[in-house]
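Before any comments, here is the structure.
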Amino acid sequence: MKTSTRQVGDATIVDVVGQIDLHSSSDLRKVLQETLRGKTAARVVVNLGRVDYIDSSGVAALVEGLKTSMGLKIRFVLCGLGPAVKELLKLTQLLSVFQVCESEEQALRA
Amino acid sequence: MNLSLKLELPSDPELLRVIRSAVKEFAAVTGFSEDDCRSITVAVDEALTNIIRHAYQNRHGEPIDLVCRRCDEGLEFILTDRGQPVDPAKLHGRPLADVRPGGLGMHIIQKIMDQVEYGQVPEGNRLRLMKYWKIRQEGKS
Amino acid sequence: MNLSLKLELPSDPELLRVIRSAVKEFAAVTGFSEDDCRSITVAVDEALTNIIRHAYQNRHGEPIDLVCRRCDEGLEFILTDRGQPVDPAKLHGRPLADVRPGGLGMHIIQKIMDQVEYGQVPEGNRLRLMKYWKIRQEGKS
Amino acid sequence: MKTSTRQVGDATIVDVVGQIDLHSSSDLRKVLQETLRGKTAARVVVNLGRVDYIDSSGVAALVEGLKTSMGLKIRFVLCGLGPAVKELLKLTQLLSVFQVCESEEQALRA
């Protein structure tokens, strides 16, 4: 898994590529927490379009990001979910807990 | 026809993607659909993750055996470790409505697999996961 | 850092794609390029194919062990079988200029791998394949 | 691996999909031999565009096809070779032995 961040207007986009599992989820957790707490972006969009695997530890990193964002009143949006990510969020009944958009453009407006 | 493959791996998270790719292909060879292959892979991965985190408390280099077996009823996975035994009182995970990080692995495994059995054998802790062929699966509900 | 994975499989061609996917991911985890991962996978696959065809004369269900190991020098694969030992006189394959089906496996293995060693151990026949890290590989030429 | 055949003018196209290895190469061998010997197509095109793996037993099936085609004076053309197929043919010094085209259209005209 690799992550990188981009600034688009008042939003920070976190691009995630690869497989999120016990080996990599702590990196994702760290990036999300730093992005949320570091700058004062009004909105953080996590682009999962190139993630082909996620496990429960990856979902935990996303849930923790969501919790932090709520405390800081930052919008936290997921976008580009492929079948692997979507299925795991459904299975864990978390799909409705997150704000989820199809595309990055929608996530920037949502 | 029976077909089986045994993997002996250390409790190292780096190897999880290697095991996932083998499990996914094994499920594909035995005839499961792409969706089933994907979810079966998640269940085995979560089981391995739990062994690394809980049985071995994140110590790397400890032995885990994974046997994948195609049998008459479906696909069976047997995981064996020599770490701390499971505490049945803790095994259930958290209520899903209580949204917080963690506590999801057991839910995932149980939703995907048709049988999930923890036990003790002379070699250590044993976890048996079973996924029935679709026909059986539909019959069971 | 050392990392190793052992696979115990029957001599069944159906499983080859499962082993290939594990070998490819193992090579990726250890840091080889996509091209190298692909060719390393071919070499191990050809070695397994030869064991099934020649050592076991196409009998299925016979035991093959494959150990994949990341070590200081590179990636090592050790294949062990209990079939017919190799006849060193036959091992070379055919001259490539003589275009006909077959006789290509050994060429492929030898072109891809940096070391190819056949030997006998108490458990049976042993084939050791070694691929050095790129730096070493460049140094060697 | 799966194969299917199509007729385009005086050519028979053999589409191959998946991985060609010791488990599947005997099927490929059979299909190629039957296609070459069965009908009297003037040209047999093997479309390997969706083959993501081939081993030496698969290459052997192709070499045998080529030999049969030469005996029967049928054109035998490979097309759509991906990196896995191309590399193995290079490694075994067989890339120049076959007639190879990029696309199916070219293979039908070659």
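For reference, chains read A, B, C and D in written order, and residue numbers begin at 1 within each chain.
Keep in mind that, in the parts below, a residue touches a chain if its C-beta (ideal position, glycine included) is under 8 Å from a C-beta of that chain, and two chains touch if they have at least 3 such contacts.
Because the structure is a prediction, the values reported are computed rather than measured.
**Student:** What's the distance between the Cα centroids of chain A and chain D, rounded to whole Å?
**Tutor:** Centre separation, chain A to chain D: 45 Å.
**Student:** List the centre-to-centre spacing of chain A and chain C in whole Å, with centres computed as mean CA coordinates.
**Tutor:** Taking the average C-alpha coordinate of chain A and of chain C, the gap between them is 41 Å.
**Student:** Can you work out the whole-Å distance between the CA centroids of chain C and chain D?
**Tutor:** The computed centroid separation for chain C versus chain D comes out at 26 Å.
**Student:** Which positions in chain D touch two or more other chains at once?
**Tutor:** Where chain D is concerned, no single residue meets two or more other chains.
**Student:** Check each residue of chain C and list the ones that touch at least two other chains.
**Tutor:** 14, 17, 20 - these are the residues of chain C that touch more than one other chain.
**Student:** Line, ring, star, complete or other: which one describes how these chains touch?
**Tutor:** Here the contact pattern is a line, an open path with two ends.
**Student:** By the document's touch rule, what are all the touching chain pairs in this structure?
**Tutor:** Listed in label order, the chain pairs in contact are A-B, B-C, C-D.
**Student:** Where on chain B is chain A touching in the complex?
**Tutor:** 13-14, 16-17, 20, 35, 38-39, 42, 45-46, 49, 52-53, 96-97, 99-102, 104-105, 107-108, 111-112
**Student:** Chain B touches which residues of chain A in the complex?
**Tutor:** Interface residues on chain A, with respect to chain B: 19, 21-23, 53, 55-57, 59-61, 63-64, 67, 83-84, 87-88, 91-94, 97.
**Student:** Given the complex with chain B, which residues does chain C contribute to the contact?
**Tutor:** Contact set of chain C toward chain B: 3-10, 12, 14-15, 17-22, 24-26, 29.
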